[in-house]
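You will see chain A twice below: alongside chain B first, and alongside chain C after that.
Take a look at the complex of A and B:
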């Protein structure tokens, strides 16, 4: 990586919290580990301090297309993925059939 | 037919048939009585007539005489009242006959499920005539063969040149009913050799038909032992082939196969029963580059012309293996020259080489103890191509290798051998190597959701539910699922390495296995395609740079 990038990251590091907040469209807030949240491409990009989005400075991401039930499942997946990143033979996460399609759209949007 | 002759003599006319043919006899209707049921039980009566005798205690059995349809519902008076009842008999037995409100529906009992409706009371010829009314000529012929064959317990079915298509062979699934009837002992006591298994060995010849993908019912014939599919249009064998555990001969000559599915490995002898696999005349993947270049690149390459004469001392062989073979492969030897190499090396090296298959195949195959000599036929893992990785929408990652599709495609040919004394050796590794990072086993949330939803709905239903806001990636996934439906008869595949179900292939590669299942004393290289569901499913030994 370029040095400029690294220094920019270091400057912004003061503002980085360990946890970030994801907000669903019906007002639920989920505080999850930053490292887990970064597994979702869209969240990672919006939180990146160098990009200068409002989300980056507030450590808070509003997700106006995702409701609370689905976002909870997304958070569960982010932790599941983080936990099992190295392991083999992990069972797939349990997904209730009625949530499948909504979650599919959300996952596609968040790029997870 | 001689349906009415006595059973013993009917056997004499059909030597291969069982002594008794219950299905050839037209069953007489047992009675002309109407089948309407008279009221049987008090609880079946209309509610206003409900009697409470059922609930009296102690309960008394009602007594009827004769068959139930002859009774008019009136109760016979109890003939004799037992004076002395044991204590146990005074208690309620606990048996209870279901009434209309019971959990068994009446309709279920009225029409028992029959797999071959009215076959028994109807003449077979008439049945066939009626059933084949709307079929094409080929399908009708096939149906007739199958039905008559089942009646006679025929084990050989020659169905060539009928111009039948994939869906029309669905009737073959019924052949699962065929048994091998015991020989008719006649009037004598059966001799000892007449006691044998009733498991048949079914032979089906479907050559010269218009078959592209086959049909799932074909794979339900458990005792199919010989299958001939010559001169077809088969591009890909479905993984359901794995179900044909008893197959000993498979003839796929002159089809359009480029690869065999990995699922064939557990079937092939010595791991399975399939001893003869013929794949001549297929555009199978192999090394196509010229033999001349090979000769030019190796000065002392006289070995290839008469390998057996020169394969005497170990020194020559050592040179051959460590110099000539890699050079030849680097120069692009064609299949025959590599086979010549390999045949020559093998005779000597089978003793020093560990011919155990790679670890990820071991969950599918039984470990067979290998003696000092390899049993015939043999099956040895030789080489693999580089691995092609795909993203969740099924697009190949730009830096990963292209999986060869036709025999003209250029591909890496990485020979992996494990010398028991010197350790693993690899020839033909490419200069650049790609391994995605991280190579996770966990699948992405979108593919997880997609696979999950396909468990409940068909691809068409998923597409309809997402109509309007279908993401581009999901559209690509649906396309893959529809392709699976066409070639594998189900939207989800089963991962070869981890067994999970999936829709979009995440990685694939081709392996080459030396086999002599085709011709005796001749080793061919079978290209076998392995497809897995996540990057993490690619076994470490293949994913790492050789």
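Take a look at the complex of A and C:
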């Protein structure tokens, strides 16, 4: 899926990479598609070059409140969301019950 | 298999004929024997097989034994005969079953015969054979499964095969039917089903499913707590155990949207754990009793917002006591569904002691009469007022209320206010026009008393800024003999009134409900929604049971209202195959059977512009329009004048 923002901004700022890095508080790094990462409001805002944050220039977002297990699930969700953006009656993503609460707080923080 | 099937059938047909002949012969023989043994029996009786003959013979022998007890015996005989017949009938059924089984068995057998005519004969049970898949040698049993190429499989491979077959069967079943009710429910709630749910939603639903296993929520933002409470309520998971998860001492606000499973002691817990609670909302709190009321009055010293729904076990005295003690701080009070207690006296106390009340909602409180209206009229600080009474209220008292408190009101909702004693007039609307200047939400529904001229008068040159939410549903004439209403003097919001309404509030309106306003004509709708005039903020419109609304009007609404999300058209039989743009849900169109899927698929040209603004491009825009063969321009060409 061509993201209008991504393409428009790419013209203005050539050093936008296709992938961005999300870092959990226990040091796990997740390299995911920029378009998927943008589905999370907080990540999108921190990466946007127009805002001029350090995250934007390094294409890397540190998430000190989220641990690796949860962040992995978040990344899974972002891809799941991107994949199903255009389809109907999407089957719910499987979430292990023990992760629910932490994931919920992370989801609230990231705005997804 | 397709080729083998008729062959197999032929063979079994032959077999059927054979077995039938055999049975016929047997029966005939039996009949002959019977006739020989018992001359008096008519031979025309149905042939019942060996059993009966045997029985009859026994009987005959017994009869021959002694003729003295003939009378008794004949009675006994009759009984025996009945029993025998019952037995035979049973036997017949069993035989049939057995025959069927046999037939089926022989079918299969012949099947194999035909299929394997040119193949090596299959080994019989007990022999050794190499498995078709794993090539291992194994002993053939009656349960050995056939492999994909016709050979036999060893036990582990056979098990694998059946597992796979079952999995395939499951996969091929349509899953959508299961979720259909859910889909319909979502549609009525106005959720467009495109894309996935948010991660928060997924987590909360999962949590509700496992509500019993949660020890504590920990630090949660208030919005999420509220959402959790909503979903717990919806899933009926809010009980004495899970309820405690929501009690956190540092909370300001507690909302239990479904408290029907909670016990009296649970309600006390709220004020014991959170004495500093400011906002409390309990819906369906059936077990909220006098003792809870006392405890709340004593403990909840910071309470400013209270909503209780269905608290019928609280007596009048306790209501009054609560208002006396805590009324001064109360800013918001919402009470609904009270029929056992809470009468005019309580409202009198309310208006005397809750002097700072800004928001008041009293709905379906059955004991309240016109005296309460007069009491509410003394609440000078009211900004939001919602009333739905069960008794009739004389119009002049209502007018008096509006002129007393109307000047500061932001919200005014008057539902079902009727006065059957006095002649209908437009005084209420006049009073609103003259007193209210700050309204943003206005509801005046279920009234058949005010005339169209009254609504025109209300919305013309009204110094109130444009409203954001208007509900004037079910304002129409209720004379069954003339469904069109009096022509020269339209009752309820009719054409002129609707024009005036949209002229006044169209620029800001977000929510519009004109359901059952039957006297608005087609021309007016077509003029208001002509595809060119824009209502930039309109999100939701309900035009149910406005019979003139048709496909053209609905299509024009999609054009005229770029932000519209939900269009409700129950009972609008003229709405047919309308192309619903993406992101919009059309509910209730009864005739649009072909297009039962009312979630928009199409991205219309005007939506593209909007999307460009919002920075999203969806490919294949024009294909969508053309595929449906009903682009906007084509529809416009067929517009009625």
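Basically, the second predicted complex is superposed on the first by the 100 of 112 C-alpha atoms of A that agree within 3 Å, B and C clash if a C-alpha of one lies under 4 Å from a C-alpha of the other, contacts with A are read in each partner's own complex, and residues count from 1 in each chain.
We adopt the following convention: a contact is a pair of C-beta atoms (placed from the backbone, for glycine too) under 8 Å apart; a residue touches a chain by one contact, two chains touch by 3 or more.
Keep in mind that this is a model prediction, so the values were computed, not measured.
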Clash-or-fit label for the pair chain B, chain C on chain A: clash
Partner chain in contact with A:89 - chain B first, chain C second, else both or neither: both
Chain B versus chain C as contact partner of A:104, first or second or both or neither: both
Candidates 74-82, 218-226, 362-370 or 614-622 of chain C: the single one with C-alpha clashes against chain B: 218-226
Common interface residues of chain A - those touching chain B in one complex and chain C in the other: 74, 77, 80-81, 84-85, 87-90, 92-93, 95, 97, 100-101, 103-105, 107-108, 110, 112
Chain B - residues contacting chain A, complex: 438, 440-446, 448-453, 455-456, 462, 465-466, 469, 471, 473-474, 498, 500, 536
Interface residues, chain C side, partner chain A - complex: 176, 179, 183, 193-200, 202-207, 209-210, 213-214, 217-221, 223-224, 599, 612, 615-619
Residues of chain A defined as touching chain B within the complex: 74, 77, 80-81, 84-85, 87-90, 92-93, 95, 97, 100-101, 103-105, 107-110, 112
In the complex, chain A residues that touch chain C: 2-5, 8, 74, 77, 80-81, 84-90, 92-93, 95, 97, 100-101, 103-105, 107-108, 110, 112
